[in-house]
Amino acid sequence: MTIIEDSVPVPAPRKGGADDGPLLEVRDLHVEFHTREGVAKAVNGVNYSVSAGETLAVLGESGSGKSVTAQAIMGILDMPPARIPQGEILFRGQDMLKMSGEERRKIRGQKIAMIFQDALSSLNPVLSVGYQLGEMFRVHQGLSKKEAKAKAIELMDRVKIPAAAARVNDYPHQFSGGMRQRIMIAMALALEPDLIIADEPTTALDVTVQAQVMDLLADLQREYNMGLILITHDLGVVADVADKIAVMYAGRIVERAPVHELYKRPAHPYTRGLLDSIPRLDQKGQELYAIKGLPPNLLRIPTGCAFNPRCPKAQDICRTDVPALLPVSEQDGTELVGRGSACHFWKETIHG
Amino acid sequence: MGRYVARRLLQMIPVFIGTTLLIFLMVYALPGDPVRGLFGDKGGSPAVIASLRHQYGLDQPILVQYYHYMKDMILHFDFGTQIASGRPVTDVLSEAFPVTLRLASLSFAIEVVLGIALGIWAGMRAGRFADNAILLVSLLLISVPVFVLGFILKVVFAFQLNWLPPNVNDSTNYNELLMPAFVLATASLAYVTRLTRTSVAENLRADYIRTAIAKGLPRRRVVGVHLMRNSLIPVITYLGTDIGALMGGAVVTEGLFNIQGIGGTIYQSIVRREGTTLVGLVTILVLVYLLASLLVDLLYAVLDPRIRYA
Amino acid sequence: MPDVTKTDVQTAVATDGGATTPVAAPAAKPEKSRSLWGDAWNDLRHSWIFGVSAVLILLLLTITFFPGLFTDTDPIKGDLAKHFLQKPKLGHVFSADWLGYDQQGRSVYARTIYGTRASVAVGFGTTLAVTVVGGLMGMIAGYFGGIVDSILSRLTDVFFGIPFLLATMVVLTSFPDRTTWVVIGALAAFGWTQIARVMRGAVITTKQADYVHAAKALGASTPRIMFRHILPNTLAPVIVVSTISLGVYISAEATLSFLGLGLNGVSWGNDISDGGNQIRVAQWIMLYPSIMLSITVLAFIMLGEAVRNALDPKLR
């Protein structure tokens, strides 16, 4: 379905990135919010990395810190109330947290772009989509208004918006939800960035449209060989698109794994709970499993493993010791590449 | 668009009739008599009074008077005669109107420039010291009644410092108009500041501002284009309706600084119970108000593409 | 049935699918249940604006009801021979000659204290009248809609179209004997429009809520729906407008008095107007009632501001 018009040149696959390490690496990132009620620890030591052409899915409930991590990478957190007490965010080996505001601004949009969940509120309601798309070229590449508009139409064509030339002067509210999300994608894609962060890009859409938008995003990613961080709470979306998954809970990564291994053999009770709560046709008539309890209050994260109050396997040690994210191995001791679990009882969980 | 304007104009007709009738009824149905007022406490002879009353049509039923008045006004642009001076009300109007217009324009300029600038400043620093300080000042400006402020400024700038003249002798001299214009502007100025501040602070947290930052736009573009384009919509609509309010609100200010504008004339005609003059002046103000609010609605739709003419 | 699948996963995973804004992300609030009013009260208690205005208003109410606590001087009888335009003795705090005397030899301090009652009475009286009348008009227009709404809305436009101060001035010139009730009546006659508009808007929004449809479907009577189901949800904006208008009406009353069309009797506006004539020789006659007046209006406008901040979640 990737029909590309002749006039649109297919960009050559990028080099770099893969040879000199990952595109983006987050190291021990902490983010806290200073609120009236106290300090909310939204992100508590997150590590992950993405290489060019790779898709990392970050999975978690709202409040798990997945969006906050993404916003920290983009540099669009409101500080204050947010604060980054420690951690590094390396983009092509350079720590972005140490860069000047102007250096970071030049990375935003050009090197790293973001797709937001709700395209209606994320697009400026009083500016035409053509203006908002063209703005990328005008600001970052110094194109004229006219050139920018031509580029905007080209972009809208590329994300398969019908009659792009006729609709370029329309406003966001005049588009359907799916089309609006395509415009968001086009905007992120405009300057062919190295990395795209998509924060729940399909949550606000109808299920049928969700699939189309996801396919489009995946196609474009392959075409441009971009790194993609896909933030979602929907396990269904992840399976087809992602290469690897990081599951977050209370601001930490509790499990990481290549996508299919995670589905086959989860190594953390939380992941297992998530998987068990997907309705399946072969279990028709049975009661659907649900993780009991509520996500933790970030002002008062439980001691030990944050998941312990909701965990069916919790022992005393879970209430006192914070489990580290440790490599996961087979029963015979061979390490499972790219897997890790932050559970004291990962062995029982994966092999039990 | 054309249909919408037509419908709005049609809607204005009953409001226009209702407003003029209401002011007419208030002036003529309530006790008090302009002819008697003419003679003051001495009182004229009953015969003279009766003939004057007949001459001005005051002996007819109110609705008949209203009908004649409106007919003359609409067909012949004749607003009647000012009883005290015997001059046509249109003459009085054409003399007073430019004065008030100058005063109101100067006020309007002060209100727009200062109000929006302070509002943006406070809104961008919501919750911080500058914001609180501007909030306090604007609350103070709203709280101090116009006539108190006028007196204070007069005492300080005219009598103590001798910087500005206490009264306006030449209404074309903007130097003399400066103090009254500021006094007239204060309340609206404070509202514009508050409105801009709220709007800026609210839009600053909007998702599309986050998008604009994520696009890597420079800060002045995020603020100047994305934030302002949205934040100023409610401010501009408020400013539109305020034009009418400024002209009507000039009663106190004009009295305070001895300016012979619409406000001063209205005050005189209220005290003297000059029905015809009063109704004529208020009719003009109502027309200004109605047209301004229509203009604001149209402007709103131009500024915000989400608004459809329904 | 893809739709069901999606919803079920969402509920099971217990997400709300949203909360991407940084402030909302750690929105794990304390467990105790919160209502709009509970939240608002919590907000109010922490607001310095509310604290200052509450103290001022309590003081003003005390002065209104017990002026004798503050002075035992008669505000009406003056001694021309002894005190004609006597200068203030700022050291004599709370005594009759503290703030000086006016051109009729009356104590400015006593008059300022006794003038409080007129302003506060007009402020509260007008606000009450306006809220009831405007609220009712807005409720009827918003609830019934159609032709009723059209007529009431045009009527509101008519009363709104005439400049407020001018209209009240015209009414008041007809009354030589301007008691508190007359002034309240004149102010309320043209002041109700704003509340009516706010109320109408709020009712129209609330009317479309599902629980109102549910109440209707269950056969609740019209008055019951109006007052039990709709009214509580329209109160917030009405209360905000009412609180602010308290200050506005006090200011309006003083302005009318200043123009010679206000209350008969002791009132700040009258004194400021009188003092204006002596402005070059005896500023104190005007100054102290002006200060009291401004503080009073400020107190109520600050209260309105605090209430607005507390009740309007958008402004947080």
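Note that the chains are named A, B and C in the order they appear, and that numbering of residues resets to 1 at the start of each chain.
By definition in this document, a residue touches a chain if its C-beta (ideal position, glycine included) is under 8 Å from a C-beta of that chain, and two chains touch if they have at least 3 such contacts.
Keep in mind the model is a prediction, meaning the values are calculated, not measured.
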- prompt: Just by CA atoms, which chain is the most central one?
  reply: C
Field: Of all other chains, the one whose Cα centre sits farthest from chain B
entry: A
- line: Per the C-alpha means, the centres of chain B and chain C lie apart by a whole-Å value of 22
Query: Using CA atom averages as chain centres, what separation in Å is found between chain A and chain C?
result: 49
- request: Report the inter-chain centroid distance for chain A and chain B in whole angstrom, where each centroid is the mean of the CA atoms.
  value: 54
- prompt: Which chain A residues reach two or more other chains?
  reply: 116, 118
Query: Of all the residues in chain C, which ones touch at least 2 other chains?
result: 23
- prompt: Considering chain B alone, which of its residues make contact with at least two other chains?
  reply: 207, 210
- request: In the complex, go through chain B and note every residue touching chain A.
  value: 206-208, 210-218, 221, 225-226, 229-230, 233, 303-306
Partner chain B, residues of chain A touching it in the complex: 74, 76, 105-110, 113-114, 116, 118, 121-128, 135-136, 139-140, 171, 173, 187
Statement: Seen from chain C, its contact residues with chain B in the complex are 21, 23, 49, 154-155, 157-159, 161-163, 165-167, 169-171, 173-174, 247, 251, 254-255, 258-260, 272, 276, 279-280, 283, 286, 290, 293-295, 297-298, 301-302, 305, 314-315
Statement: Interface with chain C, chain B side, in the complex: residues 11, 14-15, 18-19, 22-23, 26-27, 30-32, 135, 139-140, 142-148, 151-152, 154-155, 159, 198, 201-202, 205, 207, 210, 244-245, 248-249, 251-252, 255, 266-267, 270-271, 273, 278, 282, 285-286, 289-290
